[in-house]
Amino acid sequence: MAVLNWGMIGGGEGSQIGPAHRLGARVDGLFDFVAGALDHRPEAGRDYGRRLGLAADRSYGDWREMLEGERARADRVDLVTVATPNATHFEITRAFLKEGFHVLCEKPMTMTVEEGEEIVALARETGRICAVNYGYTGYSLVRHMRAMVARGDLGRVRMVVAEFAHGHHADAADADNPRVRWRYDPAQAGISAQFADCGIHALHMASFVIGQQVERLAADTVSCLPSRVLEDDAQVNLRFDGGAAGRLWTSSIAIGRQHGLTLQVFGEKGGLRWAQEQPNQLYWMPLGERLQVIERGEAGLSPEADRSSRVTIGHAEGMPLAFANIYKDLAEVIAARKAGRTPDPAADLFPRAEDGLRSMAAVHAVAASGKAQGVWLDARPPMFR
Amino acid sequence: MAVLNWGMIGGGEGSQIGPAHRLGARVDGLFDFVAGALDHRPEAGRDYGRRLGLAADRSYGDWREMLEGERARADRVDLVTVATPNATHFEITRAFLKEGFHVLCEKPMTMTVEEGEEIVALARETGRICAVNYGYTGYSLVRHMRAMVARGDLGRVRMVVAEFAHGHHADAADADNPRVRWRYDPAQAGISAQFADCGIHALHMASFVIGQQVERLAADTVSCLPSRVLEDDAQVNLRFDGGAAGRLWTSSIAIGRQHGLTLQVFGEKGGLRWAQEQPNQLYWMPLGERLQVIERGEAGLSPEADRSSRVTIGHAEGMPLAFANIYKDLAEVIAARKAGRTPDPAADLFPRAEDGLRSMAAVHAVAASGKAQGVWLDARPPMFR
Amino acid sequence: MAVLNWGMIGGGEGSQIGPAHRLGARVDGLFDFVAGALDHRPEAGRDYGRRLGLAADRSYGDWREMLEGERARADRVDLVTVATPNATHFEITRAFLKEGFHVLCEKPMTMTVEEGEEIVALARETGRICAVNYGYTGYSLVRHMRAMVARGDLGRVRMVVAEFAHGHHADAADADNPRVRWRYDPAQAGISAQFADCGIHALHMASFVIGQQVERLAADTVSCLPSRVLEDDAQVNLRFDGGAAGRLWTSSIAIGRQHGLTLQVFGEKGGLRWAQEQPNQLYWMPLGERLQVIERGEAGLSPEADRSSRVTIGHAEGMPLAFANIYKDLAEVIAARKAGRTPDPAADLFPRAEDGLRSMAAVHAVAASGKAQGVWLDARPPMFR
Amino acid sequence: MAVLNWGMIGGGEGSQIGPAHRLGARVDGLFDFVAGALDHRPEAGRDYGRRLGLAADRSYGDWREMLEGERARADRVDLVTVATPNATHFEITRAFLKEGFHVLCEKPMTMTVEEGEEIVALARETGRICAVNYGYTGYSLVRHMRAMVARGDLGRVRMVVAEFAHGHHADAADADNPRVRWRYDPAQAGISAQFADCGIHALHMASFVIGQQVERLAADTVSCLPSRVLEDDAQVNLRFDGGAAGRLWTSSIAIGRQHGLTLQVFGEKGGLRWAQEQPNQLYWMPLGERLQVIERGEAGLSPEADRSSRVTIGHAEGMPLAFANIYKDLAEVIAARKAGRTPDPAADLFPRAEDGLRSMAAVHAVAASGKAQGVWLDARPPMFR
């Protein structure tokens, strides 16, 4: 497979997200990092890009300069990753889609539902890919859960129980820590803190696995630290369009939990349990039988699981390679388009603009329900109602 | 300590609860089983009692006969356990309390809140003990959690997360299984199935550990099996009178979970996690430190934990001995009363009529909230408002 | 079933083993505690026995007095438990067997192989039961492992891997702690410390489960604390009479391990893993399939497992009830003898004098091999060669 | 840091080891893959190399051609990875070292101890790096264990217990499976099967962590499948040059274990436990305190741990990135040499020719001791005695 050209906006020196994306794009050798506008300070960005090996004329000072520079080139980037501050995702993503680039946008894709709908419409209109980076669905066994549900191993899904609970914002002394404080301040973070930050990963994973989208929800949002305006703990009850019900708990004050993204799916014919912190084992009980342990890399898993797995059974794979699977998917789909062939269906699993939009609608519904004593609200974006 | 006289109503041949109580009462040698009315069929009960070693004149044909027989005796039973069908608990408990007996009543203590209030009032008036059998709070490490909260190890409790989720009623083929079916039939089970059966254990444990009572709740109740009228899955959001918030999930369709009673408590200064299926370890993370494992039986635990523990560290203790701790508590408190001394405060932990009443009020609130789209309702019994 | 009469020698006030035996004998209501010689100080023993409810004439001052008193009675004890200091086990056990009593002897049954052979011969000659208290084989799932091997689920057993490693003697400061020190002093403890104390539990369990006896062994014994003469850590390689090989590691300096009795059995057709600290789950992988979790109390287990289990699935059972299963077995076998019927074969699992003897021979072989650079030695008692 | 030039010998199309090395070398962007001789069939190798992006003139037909081609170039490869069949490692590694290349050799470095000594001598003489790929020591928490021991957290190390037990060769039907069969055939595999394949990883890790080298050992080797000449299960007792003792068990018939590389280290002041299958948690009990969980990525770990960790706490990292840490180390040390600066000491942790030699000597000692009834043998290479 020919190596694709890849560029990045944001992810400058010292950021966490920049190295993660570069690792994800690089690890399978499917993308060459050839262009970037890495910093909001033009000179710092150009310099850092050159130090990372970009050619001088493709290490840009800002995203507009990059858009100008790349759209004219025959060897222009096949994919642009947008990893800038949240408030700028919409504008940049829109601009690159309009010029015909495929985009991988960090979450949240937009700040409002309306913007999300515009991106979805634009992606459909231009026929460009707009992927959104819910990287946790890249895990091999998460994809296997999806395949198991899709092929009917569980029968009808009755209930999905998702959690994303950690304790990293539990210290009251962090009230003045700027790295934590902004997250709970509506002026900087918008209408939701913990649900928007973590809860939507759990919700997206639930939808991804059961193949259903949330229709209605009711939320109980709590600020456990009195100094906070936005919620640091939320319980959300869910109803999906395929008939499943759901419970989702997310918290940032759950001292003792490091990460706490877990998913349980209960169907007519069996139950599944998976946890992000031990991602190489999946617990499966077929109705009336014993609990059994499905291992990443074991023989006979689904094509979706196999394609997302790199080493043999018993050797843990972790988050960086799950993340890399989003890039691996994109490489396959983009390369297939360029070659005029059908992509491997097991690759066509990356989250899309529609997912980014749905998350935004869910965030709004959670915030509104939380303020209104847990009333049930429509969680769908207007364009999908 | 002198051995106390103990009697039992219900728990006849073939029942599960009978042997459990007899084991619990016998294991520490604190009670002699001397009287019983074990079966609703008088002859069967008398015969079974004699075979279990009761004297012929104290193996009664029914509870009224037993009440008559015992109240006249100088060596009358010090404690009566009521383990009859649910609908009879109130009448029997009331009758024995009135005659001055101490009672341990199986849960639910009554079928209505009003009856529960009557029992509470009667226990207070007569000065008799009316214990209710929430046996899971007998575990040594559950009692240690309570002690840790009470002495301030966690600081203010912010959030308690309780679960009691199993998968034993997940088989649609059980729709016609009489052992399962009645539980979801309002004519036989009342207003709630899974919450009333399992959820109240989790709620009682949460209250017991954090030392706060639920004030308000909002419930989402679901019947995952379409054939069921009553709920087989419920999510309940909680507010406690000491300021804590809570989440409680209970389910009987969670295939892959055997028992699934777990408790997490998050405070200002640390977090706790405990699970009934591995009851000898308690996970504790003090804020800013590492997760650590507290072992049942380790040196330096609270008096409450030590008193409820029988073997050395590393040797699992299980449910039967947790249950026995309720009897051990009762023996100490009853013996202390008889001797005119103060009981060991570490023994004074058994659940009481007030707890049975609160559970009943919570069941009603959950059922009502579940029907009313999850509206928040007062969960307190009227007499405690 | 008629209640049997039970007596105890040793287990006086303040001992750990006394309450454990009394709980084990009492928990199922199969034995009445009617006689005892509980302390080496006659008056203290008599007084304590009376306080525990013994009749004055059956609370004896020493074991000889008890032997005299009981042998004359029509209602003499059906079973005598010997829980005195190790060096006295042989003499007391021998005396009671000779007078026709059934005996349950604490481990080690004797101090020498010769004494062990004498007890075995005496038990055979008198037709009395001489049980030895390896209580860990009382666990329901340990018995299920044995049943699985016996019925061929694993095919031929190839390898058994046993551990009993804890860290409770790891503190060099305990060199002067009298509760620890004597264990490593040949003058008080004999020829072996950690293997004799813990290793033989693991070895007995291995033999019990695979239904084979050790023939030869080679040991590496180490004193990790330089102040110790006897070993605090030993690795023993094993060959069994049915063709299996084995590895056994035992240690008392393994800081971080609380108890650490585990067993793995690998056969042609599958592998098993069990750990005493989580005794209610058994991990089983049939060749070519997935690891699955066998739960104590699940439907369809072996009769041996079912008979040794008291509460429903998902409710942990622990060490005290495993221990009680030895008493439950003995009650059934003794009652069957008295009634002239065949005992339940699922009850006939308690360890016997032969097991006590084999352990003693293994202790001697380990000590001798350890001194001789790990040479392979015959581990069988002479009478079984 | 300037990107280094990297080349590979072996790892052709369809191999497992080729992609693993390319991923490891690529993931941090520290090496450019610029040259290779990937297949023993010259044309297949050249073709595959070109498809992987090598320039035509650097996609060589065999290793000799590559040696010729590269030694003449100014931009010659900075590091050559040798991932050819085992019997060729020595010759190729020697040839490249002689020409002044740094080499990363797959294990086993050589087939004999003599060859191993020659490589060690050559590496010392030329001043070139000869690394050997024991990739499991690349895990962040394995390196943290080493740092904890080195800085004295455990005090003197008393005992190290290592395991590498899996069940992937347990099926007797595999006697004719060529992918398994050769491993137990002395004609193809040499003098040892399971110890040489897996055991040496566990032994190297033990040495790496405790900072001591094995001096003497005694082995019990068993062929559980009767059709096998070489061992599929071995227990090795160890004595290290710093005074520690050790136990090492390795097996390929342990059905139910997927990988089973674990390490426990017990010192005067605490104990450690780590398992390759859950590599992001390290269990640590300081003497007299509670067991605690050290998480990869937590604040305050050693520089060695931090340098080998890429994502934040709670996000699992797995084997591919552990493996990549060997490349990351090499990049730092090679780059430092080129720049004439001191390398980061936390990078200087990759296994070296000396380690490859020691493993070979241990393999010979295990095989010889196993044949000689477990006699203790010197496990050191002659040049280190």
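Each chain carries a letter (A, B, C and D) given by its place in the written order, and its residues are counted from 1.
Here is the rule we go by: a residue touches a chain if its C-beta (ideal position, glycine included) is under 8 Å from a C-beta of that chain, and two chains touch if they have at least 3 such contacts.
Given the structure is predicted, the values throughout are model-derived calculations rather than measurements.
Q: Could you quickly compare A-B and A-D and let me know which has more C-beta contacts?
A: If we tally the contacting C-beta pairs, A-B comes out ahead.
Q: Based on mean C-alpha positions, I'd like to know which chain lies farthest from subunit B.
A: Farthest from subunit B by mean C-alpha position: D.
Q: Can you check how far apart subunit B and subunit D are, centre to centre, with Cα atoms defining each centre and the answer in Å?
A: 56
Q: Nearest whole angstrom, what separates the Cα centre of subunit A from the Cα centre of subunit D?
A: Each chain reduced to its C-alpha mean, subunit A and subunit D end up 35 Å apart.
Q: Could you tell me the distance, in whole angstrom, between the mean C-alpha positions of subunit A and subunit B?
A: It comes to 43 Å between the two C-alpha centres.
Q: Multi-chain contacts only, two chains or more: what residues does subunit C have there?
A: In subunit C, the residues touching two or more other chains are 291, 295.
Q: Chain adjacency by touch: line, ring, star, complete or other shape?
A: complete
Q: Mind pulling up the subunit D residues that touch subunit C in the complex?
A: Residues of subunit D touching subunit C: 158-159, 161, 167, 170-172, 218, 220, 222, 224-225, 233, 235, 237, 245, 247, 249, 251, 253-257, 264, 266-268, 270-273, 283-285, 287-288, 291, 373-376.
Q: Within the complex, which stretch of subunit B touches subunit C?
A: Listed in rising order, the residues are 3, 16, 19-20, 22-23, 26-29, 52-53, 166, 258-260, 276-280, 295, 310-321.
Q: Flag every residue of subunit C that touches subunit A in the complex, lowest number first.
A: 290-295, 298
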